[in-house]
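One chain, subunit A, links the two complexes that follow: it is found with subunit B in the first and with subunit C in the second.
Up next is the complex of A and B:
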């Protein structure tokens, strides 16, 4: 008898097989897309928890798969992101990609492998199954990162030491856990891990924590992520950006909340009564929000800008989960979903611009709103979400996190999130301004809107972002399942948001009021005072001078010069230098080791060793 | 049957040059096939009960015994299969090799000596067959006839001979103390006679001596030179097979005669240093064969660390690590037949030889331990064995294994990056090498798929290997003629 989870995993495996077997077929995206939709349908209808028959016993370890509400929540996002990316690949973009000499077969295949690997990770029911999924996910995402040219490959290779370091930290954690508790099963771990002694717990949390944080791109292990995601092939970038790094968050939440439990985590105190492991993680999350966000502000490549934001947004999610009350954890988890919708849309819109103009350099674009209005709309809605403003869904999840920080009495952390949001707003404005507003470049005069195969997936994504912004109750249902599976308090919700005695949120009202305001403004503008006249931008003048095509008035380079004058000296590149230091230390050690193997008279070593050994034995 | 596994290839090795050309071609492979079949039977039977043969019906301590337990049977099987897959054939550029008969003879000799090494139940025999395998190894390594190869082999021979000498001194010391060379006898006698500094000194000397072949740290600096210059198939045999058998001899000694913390800690420390030096040196390697050599030093270091863990858990991990390396490293050396030399020339080679490149990726993933490939299970067993020991050196070894794996991943993936680079490749992989390593890959994947089935026999083998009392009882009961025994026992 196959279970629903068996069927799901089978469908995912069939997607992989189909992508490779029929990859050369022109309409392969329809097939794999249909398979992803099938997986989505299966996922939404999954009984929780749903076990799989797949599994085996090896060296006394039972390895099996079972998906609960927590895994299902991430799985839905994963498959959804894959479906959007596939639709995008299916049309003109994929054709161009193929013509550029890249392999579309491998892109489809890598995507399908990623989905399968992530499902295996998300459904793992013991640490070995989790590790199998973890490793497959790591190498599958390497495969996806490496698609699309030499620069992509180089960025992906930079990811290797990080991925392997993560894997080995996790493996070390697994064998220690087994030595400490005698089990690797999730249910038993949840009972036994909290009873460990503090030093054992600290060691475990450190090893697992480091491993999972690397994947998530938590400070100080975040450097690999932005180049690896940004340089990948467009559809791959959107998938990677939307969900890939969240696998680290998934595992981290599993560890901290389900196995260790947040209260037990707080027993690991650094300064008695003042600062414990839980605070440490919250602060790491807070710095992960702020620092990468301000790094994003300095980027001049739209893809890098978004990728750096991806790292920063992870901080909100972890912060919410570590705060651990119903509101905060719901906010953190909901942010995973919300972020995926607008990040995927934003990345796709940037690649749509890249597709038409050939560049994502923020200093070489501008004024495209008249040429690519739909893409502009997507980016506008996307950045509203990323900045966390109504009516998009990003507002709801961030509001929940802010709210919980306030309720739980964490004003400093709250301040950090606000600084992060400020940085986000500044940098997303730079993104849309430099791309779509201002002066259209002469060479972009003939640009057309991106083809429907690209705009439709983007519009659907921001559409979801809008709908779930107006009615956050829809995804909150899944969030509640996830909270329950983790053992967290569940946030009661309505269709429009949350009801709480301490001040609820009803997005139906918020959006209603917002649009009413806009409506009144529009009435006033168009009905009463609209004297505007539409002219071509090259038929224009300023300060008495005609603005011809050779006059560049689009201000893009060194954006926010005033701000940078203030905060510029704070960018020190410390993490990059740390990375270089580790690499060069490794190089030096390696050179020393090679010197050992170049010795001229190895016989002498043998004799000396034998004599020394004998001497030692005799002296004993 | 046990004796045949040694006698057949030995006989064939000496007969080969006398036979007509047609028979010469087929005799070797046929003999190896037979040995493989014997090995499989031995392993199967031995899992129920190990069998003992006193050669020539001379009883120990005067006579010599072959002891076939599961591990020995498995190794005999592996020797035959791996030798068959690495059977010397035409030179890499496709021309017939005038030295081929000599190489075939030496290879058979090496196989015979290796089988005997796996089966021997006394130190004297182990030494003799170790020497025999070593000499065959020197002959094969010198076979590529380039000046560099001959210099490397010369140094290798010197080091190896010195090692053998030390091992012989160690054996003499043990004989001097215990008055016997039979491992079963020694196991009985060891607690009273050998577990003192002098006995341990004997173990140290043997360890260093046999360590030369098993690429033990301190005495392994020959490996990169020899592997870089010898023919790839020879390197594959030396790195894949001979190293493991020398290791097996050390392990038998460790388990049966020296189950003391000093001995296992020595193994642990040297193994750890082997991993560190090997993997880090490989990180900077610019030559494909040298890289493989260093990586194999690291892998054998891991095997030493595994065998140092007391009890069946450690032995199981050790066997798993050794067998995994046995499947992967020869295959990689086969690929080095055409890909050897500077790593930079591999740029874009995946376009010319996609299958070979894919095979390399598979082996690389297994080496760094990506589940569900066998390399992962080997690493998992090793690490969980280490984690099960008390904190201190053991955990440090675990840390070393974990961190060097990261280094390993970096250099292996650097090669993968080069292979799949966007230039047009210049080198073409040969079909024989691709086929050969393809078979290894099938074995690897087969092992991965049948891992749950293979776990139980592996566990049983490790228990058998760890079971000193069982070993002693078996050998004594099989060779029970009371007068001789009572005559020598103190």
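Up next is the complex of A and C:
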């Protein structure tokens, strides 16, 4: 009999088939969109855990798939992000993409393959199933990154050595795990891994940790991510930015929380009683919040700015999960959902501007609020979410992480998270200011709002971000299921947030009072005093000069000049140099090996290999 | 408390905050006048100024977002006041907490930044860029203080923090229990108020008053109202964290004015910093003191 998970995987596979078979059909987006909605309905109604009949035996190990609350949580976000991206490319944007000589069939197909691969990863019930899903996801995301032209392909190719390194590390981890525990099944691993010796555990955590961190874009493995995501095709970028890198977080959380357990992880001490592996991961997460955020601040391309923030936001998620109490882990997990809603919307809004103006250069835009008000509204709500301010959902998840760090007594980590938030506020203001505020350029006078096929998906995404900000209890139900599946304490919550005598959060009241305040502010402004008269943007103070449309009067370049005077020298490009050093060392090693093997001493190589082979046979 | 009771509190709290804020502006001007050997303005001058600005015949707007920016600047603070406990009224302080209050007070600044941005004046944009940089500076010691006090009192709820301080008289006030954090807090409060030498984003001689360059009439009046709220909020948070909050109204008001008087007395003695110097000043001593204070509180 077919199980609900079988049906879900079948629907995902049918979406792939449909996307390729009917890809040239004008209304293909409606079909694939309907398939994604069907998957969402199936996911929300899934009885947990839900097993699949699909499976086989490999090297004596049973390989199978079963989805629990943790996998389901990520799966809902994955399918939701795909649905939004599909709707976006269903109209004028897709038509323009096709006219530019790109293949819409491959874009739809790559997106559908990504969803299927991710579902296989998220439903894996053993390490082989996880590895199959992992590799499929890696290559599927490469396929999606490479859509969109030569620059996209070049950026995607930079991801390949990272992905191969990650695959080798994960494969090595799987071999070691089998050698140490004799099993690859998740349920058995959860019992046996904590029993391992410390050195075995450290080796395992290092190999898996490096592999999963690469996908997630954790420091110092993050350099591939921003260009690969930013240069991809618009709808693809939104999907990649919203959820793709979170597959690394999923696997990392599975490893650290479910298999190893956070208490056992703390046994791996570097400085007795002072600094352990759990602290190390928490600090890596904290630096992942701060450094990419301040790299984003320097970007002049809106797509790159958002992609760098995507790396930074991953740090909040991992930090919350590693802190591991009910509040922190709920905050970390909830942030995956919240981030996906506003990041997808923000990316789509930037591509809407790109669609209309032909540029995402923050020094070539400005004043578009009067021409694209709905896209502005989306970006405004999106940046409020990304900056973590009320009333959007990003505030709630970050609040939970902050609160957890306060309860657990981690002042420096708390400070790092807040510095990340402050840096984000600066960066996103620059984004919206340089794009929508300030002077409208002469060449953009005739710009129109993006078409409904683009604005509706964006508005729906920020609408979800607003509703789940006012009523965070709605997604916290799914978060609770995920916490329970991981074996973490579950956060008791209300519809409006968290009740606690030591300082809770009720967003229903906070947002209610906030909007009441806005209402009174509006009454005061519009009800008192004379009516204001609208004047032209050039009718303003210019130190005695008269302004005309040909005068560039928009402050955009080097926006935080004063700040950069102070922190500018800290941007040293250390990670880029590290990457270049590793690549250079790799080239040198390869050249040496090639010279040694092929040119200089072939006979000696042959002799050593033959002798070693014979020796091994004799010893056997 | 009944729903009607909460509604009355939510209405009264912003009104009280605004009224106290008006007199704080008056005190600020009086202090400046005394230092400069002037008489200073009469008692109701801040109120006259607001009435004058709102009743100006010419009100020029650069667009809807310019208007909305002022609405958000005033409305955000009206909301924030309901989260600051005052004698006899807690509003929604126990439903939000100090952390939420800190983030809600950023909303008026965001509103102002959006409104100024639409004015399309580079002086305004430079002012906002500097204001956000200043926020990055003073919020670092401020959040260290939030952490330290929340850890010490075991709560992020300002109502609980105030109750804990009032339990044992002056000896249990935050300033007595955490003096180093209190000093760092005062420094942070000073920078937060944006008066000299931290006045980088107004800087009339450099950027023609920055965010206010395109503000006139009720737009400027809105910013005046915002300033009243800002003075009250900053001092009320400090008093709630370190000076035992409000046992009763006379004492509470005295504490609020005392705290605001300290930075105002110093402000008019200094010239203006450059932006990078604000960062250097605020990221050095207040942060070192704040971290030392947190270490002492936790050990």
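Keep in mind that, in the parts below, the second predicted complex is superposed on the first by the 586 of 620 C-alpha atoms of A that agree within 3 Å, B and C clash if a C-alpha of one lies under 4 Å from a C-alpha of the other, contacts with A are read in each partner's own complex, and residues count from 1 in each chain.
The working rule: a residue touches a chain if its C-beta (ideal position, glycine included) is under 8 Å from a C-beta of that chain, and two chains touch if they have at least 3 such contacts.
Only a predicted model underlies this, so the values are computations on that prediction, with no experimental measurement involved.
In the superposition on chain A, contact is made by A:529 with subunit C only, not with subunit B. Touch criterion not met for A:352: it reaches neither subunit B nor subunit C. Of the two partner chains placed by the overlay, neither subunit B nor subunit C lies in contact with A:291. When the two complexes are superposed, the chain touching more residues of subunit A, out of subunit B and subunit C, is C. Contacts of A:153 after superposition on the shared chain: subunit B is touched, whereas subunit C is not. In the overlay built on the shared chain, the residue A:277 is in contact with neither subunit B nor subunit C. Contacts of A:112 after superposition: neither subunit B nor subunit C is touched. Contact residues of subunit A toward subunit B in the complex are 56-59, 128, 131-132, 135-136, 139, 146, 149-150, 153-154, 156-157, 160-161, 163-165, 168-169, 171-172, 174-176, 178-179, 586-587, 589-594, 596-599, 602-603, 605-607, 609-610, 613-614, 617-618, 620.
Interface of subunit C with subunit A (complex): residues 10, 14, 54-63, 65, 67, 70-80, 82-83, 92, 94-100, 103-104, 106-107, 110, 113-114, 117-123, 125-126, 128-130, 132-133, 135-136, 139-140, 143-144, 147-148, 150-151, 154-157, 160, 200, 208, 213-214, 217-219, 221-222, 225, 274-276, 278-280, 291, 294, 298.
Subunit A makes touch with subunit C in their complex at residues 366-367, 369-370, 380, 384, 388-390, 395, 399, 402-403, 406, 409, 411, 414-415, 418-419, 422-423, 425-426, 429, 432-433, 436-440, 500-506, 509-510, 513-514, 516-522, 524-526, 528-535, 537-543, 553-555, 559-563, 565-567.
By the touch criterion stated above, subunit B contacts subunit A in their complex at residues 155, 158-159, 162-163, 166, 197-198, 200-201, 204-205, 208, 212, 218-222, 224, 276-278, 280-281, 283-285, 294, 365, 368-372, 376-377, 379-381, 383-384, 386-388, 398-399, 402-403, 405-407, 409-410, 413-414, 417, 420-422, 451-452, 455, 459.
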